[in-house]
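Labels for the chains are A, B and C, by order of writing; each one numbers its residues from 1.
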Amino acid sequence: MTAAAGQRARRGRGGRRAGRAWRGYLYVLPAAAVYLAFAVLPALHTAYLSLFEWDGVTLGEWAGLRNYREVFTDPALRGAVFNALVLVVFFALLPILAGLVMTGLLSLPRASLGGAGSRRRGLGVYRLLFMLPQVVPLVAVGVTWRWLYGEDGLINETLGGIGLGGWARPWLGDFDWALVAVGLVGTWVLSGLCMMLFLAGVHKIDPQLYEAARLDGAGPVREFVSVTLPQLRGELAVALTVTTVAALASFDIVYVTTGGGPGEETTVPGLLVYKLAFTDGKVGLASALGVVLSLLILGLVYVINRLSRTERT
Amino acid sequence: MRRGGAGVNQAAGAYRTERWSGYVLLTAGAVAVVVPFLSVFLASMQPSGEPVVGMEWPQHWSLDNYRQAWTVAGFSSLMRSSALIAVGVVPASLVLAGLAGYALGTMRLPGGDGVAALFVAGLTIPVELIVVPLYFDLRSIGLTDSYLGVILVEIALFLPFSVFWMRTHFRTTPPELVEAARIDGASSWTVLFRVLLPLARPALTTLGVLVFMWSWNQFLLVLVLIQDATKRTAPAGLGFFVGQNNTDVPMLAAGTILVMLPITIVYVLFQRSFVAGLLQGAFKG
Amino acid sequence: MDGHGIAARTRAPVFLALLAVLVTACGALTPGTAADPDRPRTVPSQTAVPQEDITLSLTFADAPALVDALAAAFHKRHPHLTIEPRYTQFADYVKSIKLTMASDTAPDLAQFAVGMDDIAARGDILDLGPYRDAYGWRKKFPAAALDQLTGSGERAAEGDHLYGVPAGLSMTGIYYNKELARKAGITRPPRTLAEFDRQLAAVKKAGMTPLSVGALDSGGLHLWAALLNNAMEPEKYRAWVKGAEGATIETEEALAATAKLVEWSRKGYVDEAAGGTTQNDSTGAFVRGRGVFLINGNWAAGQLSEAMGKKAGFFLMPAAHEGARAVSSGFSVSYAISSRTRHPRAAGAFLDFLASKEAQKIVAANGFLAVDEEAVPTPKGVLGDVARAHRRVTDDDGMNHFPDFTAPGMLDPLRAGVQKLLAGRTTPEAYLASLQDVWDEQYGSGR
């Protein structure tokens, strides 16, 4: 800020100096060019293609907003968007809940000792482990879980082992459970990230806030609700944003575990964009779905950040 | 401090039990994370072609499945493709984002905030939004089935974050440094290379490992842009491998481990950068 | 204030520049290109093999080993002609074949696949009609195999266009584990559907899984098609697959076949894990003794023969009455000629070579059914069962297209639909209606 102010003060009105200010754009140019050419233009091109009925080869036909109407009326497409929203529960809400519970329990000593003992020894190893699912390719994660969920997989074996053999089923082929099973893979991947995010956030909280709460006679639970939670608002917004985007734009896990089945129980928009455009020859419809999906993501991210901001003030 | 001795003892006692339950909880979580990885690893040690049920300790340890996946199933070429793409994406991303972040973070460019906002707007672009026209556009200029095509798109896809990250970094460097160098008559180029770049190494390292991870893990983009089986990347190859050879669980498991290995090694080596990046980077929203 | 002024002044040109880039990029054009009327639509009618050195590119998705062997044998016979195979995996192949054939760098030869009708309609592959007469292909290839590669539907009015020539054939049916079957008191393959019904019930009663199905991918649709083949008259079914005017799948016969599938599932005859099992996995499970019967294609015969030996047998899904016409689903590995090729006569020589004894031996050795059954001796065991069943089907002109050949978008509703039927999540009526919707979209309901 101060630098900016200083620069402004010195710059004055001269055209020569304005020219020099412009020269700074030479540094931005390469990045901007690549970004425009390979991300922004394709995005706009998608919006353009969504107004056509086109099979990818022959001459397209102007369709106006017909593709968009189909996105909202076709049960298969609407169902995919609905499935993605269900996945938000598993990709976003459950990991955040798990992260908060863990954080609450792990940060208790910090609260009761007013800051002492906040650094747990050996936490580094745990941190390394908890972030691992976030780091490895989702395709590999999907392959792993596809196998764990299998008929003779570890999950069914374990259920049988603890006398719950009646619950054993081919999870990914079960109409009632497939979406839940896929969702729980997301929970597994994202819980560690949420937890680490919150733990890092807790360490930034001013210990005096806890002191004050304790002077008011707050117990550990109330302390968590009235001090920790509000102070983590920023981290919560971030976690919610990241996980929600992961849920709505999910593709990799679904592609390798179920391929959208059984029936269309686990079909998500990402999968449909791929199939519609490249196997069914409905490029326009796929583009419209991509646009709708992106707007949905943008809208939700906006709402999340808006909420976290208004609460803060 | 303000508390009496009894209070401290009480709190210390609570702390001890708490520390215990805390570790129990952490360990339970760690087990939940490790078991899937462990079961894949154990499966990869079973004799090739055998059906694997649940988690089984192998009779004897052997790397046969890995050898087979590496040669017969072609994972060597898959990994080479992934590595080639990452080698193209990471340095280019660092250079482009470093330059742009420097200008947008330390200079007062006319309309600079608008340009920065344009980059930030790309943070939530899902691959799904751009992959369809990319296929047709790149195809018409001969960039499908080519590493260059994938590299360019990945750079573009990661640039919003990369530029945002470097800009944030450069904004936090003390302005006095830049000012002092300028007064000495240094050009903006010299300022960047002599003054700022040495300070930016941690930020660049973190960005580098993050970009490497995203590039290594990218799936949908490669699935669409690379049709040539000989140029497919590790995740894409694994995705196809599942469809074809899923009766041979041990070899599939070995392939899965192979695909996870490079990124895991980078993760362990650069864990500090990684964790910092993933946690701070999560704030990109 | 100052800053705002500059920003405002500079923003407009930046915006205009962006807009200009955008408009040029989009080309302000309708996507895609119209068909080029100048390209030839049919092959010449001479069969003389050109004598200069020619290399033909061949893009394909199935059986790389087979293609390599065929290319090598062809080159040996015509040393100046070389086939350069370009392999693409099947899922990608189906996805990209339209684009590949429409591009200026299209290969000379291409494996025939779903959606080839559209490619033919655009004029991107050649009508092989003149070769059929000049080379005498009607005598060399089974009628059903050629028929599956012949354009009809809206193109029927223009005559009998042939768009591909088969190398090897494929067919689906039911494998059974003789050892386990005997435990349930079953000593021979069923001759009627009712008998098969009783056998399934007997297996169920004996506490075993009657029918393995890999319905996670395409096993489910094979089961449905097998029941349909014996319920619906083949000519009516083929008209539907080919998009003939007014054809429909919403018929009494199709409804009965679909209801049968639902009944089997409800009675517990179909492996309850079917919806979560791929065809590959179901075959593996069958080898391990899960399931007494297995629905699959001839492509699994080699694996089963090797793993189970004499224990494995094969039969066609039986019809309602004994001695009825033998009908099954199948297709061929076949090849078409691009209309952009500069060497249609060399390409024709390759296609004709596929009918030769030498080529057919290669085909059989690679696990496909030979086009000319006399060319190869009937194998033993389950492979022999498959070969004999195939002969019955071709003799009866009973080879039907797979149902997903109806339209590129048909595979998903079939796969998902059968999964839903097996799980009791949809009715036979709704399932057939969903298929017909896709058909209507492809061929237009008004016609």
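Heads up, the rule we're going with is that a contact is a pair of C-beta atoms (placed from the backbone, for glycine too) under 8 Å apart; a residue touches a chain by one contact, two chains touch by 3 or more.
Remember, predicted model here, so these are calculated numbers, not experimental data.
*Asks:* Classify the chain contact graph as line, ring, star, complete or other.
*Replies:* Here the contact pattern is complete, since every chain touches every other one.
*Asks:* By the contact definition above, name the pair with the higher C-beta contact count: A-C or B-C.
*Replies:* Of the two interfaces, A-C and B-C, more C-beta pairs touch across A-C.
*Asks:* Using the average of all C-alpha atoms in each chain as its centre, how far is it in Å between subunit A and subunit B?
*Replies:* The separation of the two C-alpha centroids amounts to 15 Å.
*Asks:* How many angstrom between the C-alpha centroids of subunit C and subunit B?
*Replies:* Comparing mean C-alpha positions, subunit C is 40 Å from subunit B.
*Asks:* Could you say which residues in subunit B touch two or more other chains, in rising order?
*Replies:* 51, 108, 110, 136
*Asks:* Please set out, as single numbers or ranges, the residues of subunit C touching at least two other chains.
*Replies:* 3, 6, 31, 95-96, 99, 217
*Asks:* Could you tell me which residues belong to subunit A and also touch two or more other chains?
*Replies:* Correct list: 8, 18, 45, 48-49, 56, 278, 283.
*Asks:* Going by the contact rule set out above, which residues of subunit C touch subunit B in the complex?
*Replies:* Residues 3, 6-7, 10-11, 14, 31, 87-89, 91-92, 95-96, 99, 217, 278, 280-281, 283-284, 288 of subunit C touch subunit B in their complex.
*Asks:* Using the touch definition from the top, list the residues of subunit A that touch subunit B in their complex.
*Replies:* Answer in residue numbers: 2-4, 6-8, 11, 18, 21-28, 30-32, 34-35, 37-40, 42-43, 45-46, 48-49, 56, 102, 105-106, 108-109, 112-114, 117, 120, 122-123, 126-141, 143-148, 152-154, 157-158, 188, 191-193, 195-197, 200, 234, 237-239, 241-242, 245, 248-249, 251-252, 255-256, 269-270, 273-274, 277-278, 283, 286-287, 290-291, 293-294, 297-298, 301, 304-305.
*Asks:* Taking the touch rule as given, give the residues of subunit B at its contact with subunit C in the complex, in rising order.
*Replies:* Within the complex, subunit B touches subunit C at residues 51, 108, 110-111, 114, 136, 139, 227-229, 240, 243-247.
*Asks:* Quick check: in the complex, which residue numbers of subunit A touch subunit C?
*Replies:* 8, 13, 18, 36, 41, 44-45, 48-49, 52, 54-62, 150-151, 170-175, 178, 259-264, 275, 278-283
*Asks:* Which stretch or stretches of subunit C touch subunit A in the complex?
*Replies:* The contact residues of subunit C facing subunit A are 2-3, 6, 18, 21-22, 25-26, 30-35, 94-96, 98-99, 102, 115, 118, 122, 215-217, 272-277, 408-409, 411-412, 415-417, 419-420, 423, 425-426.
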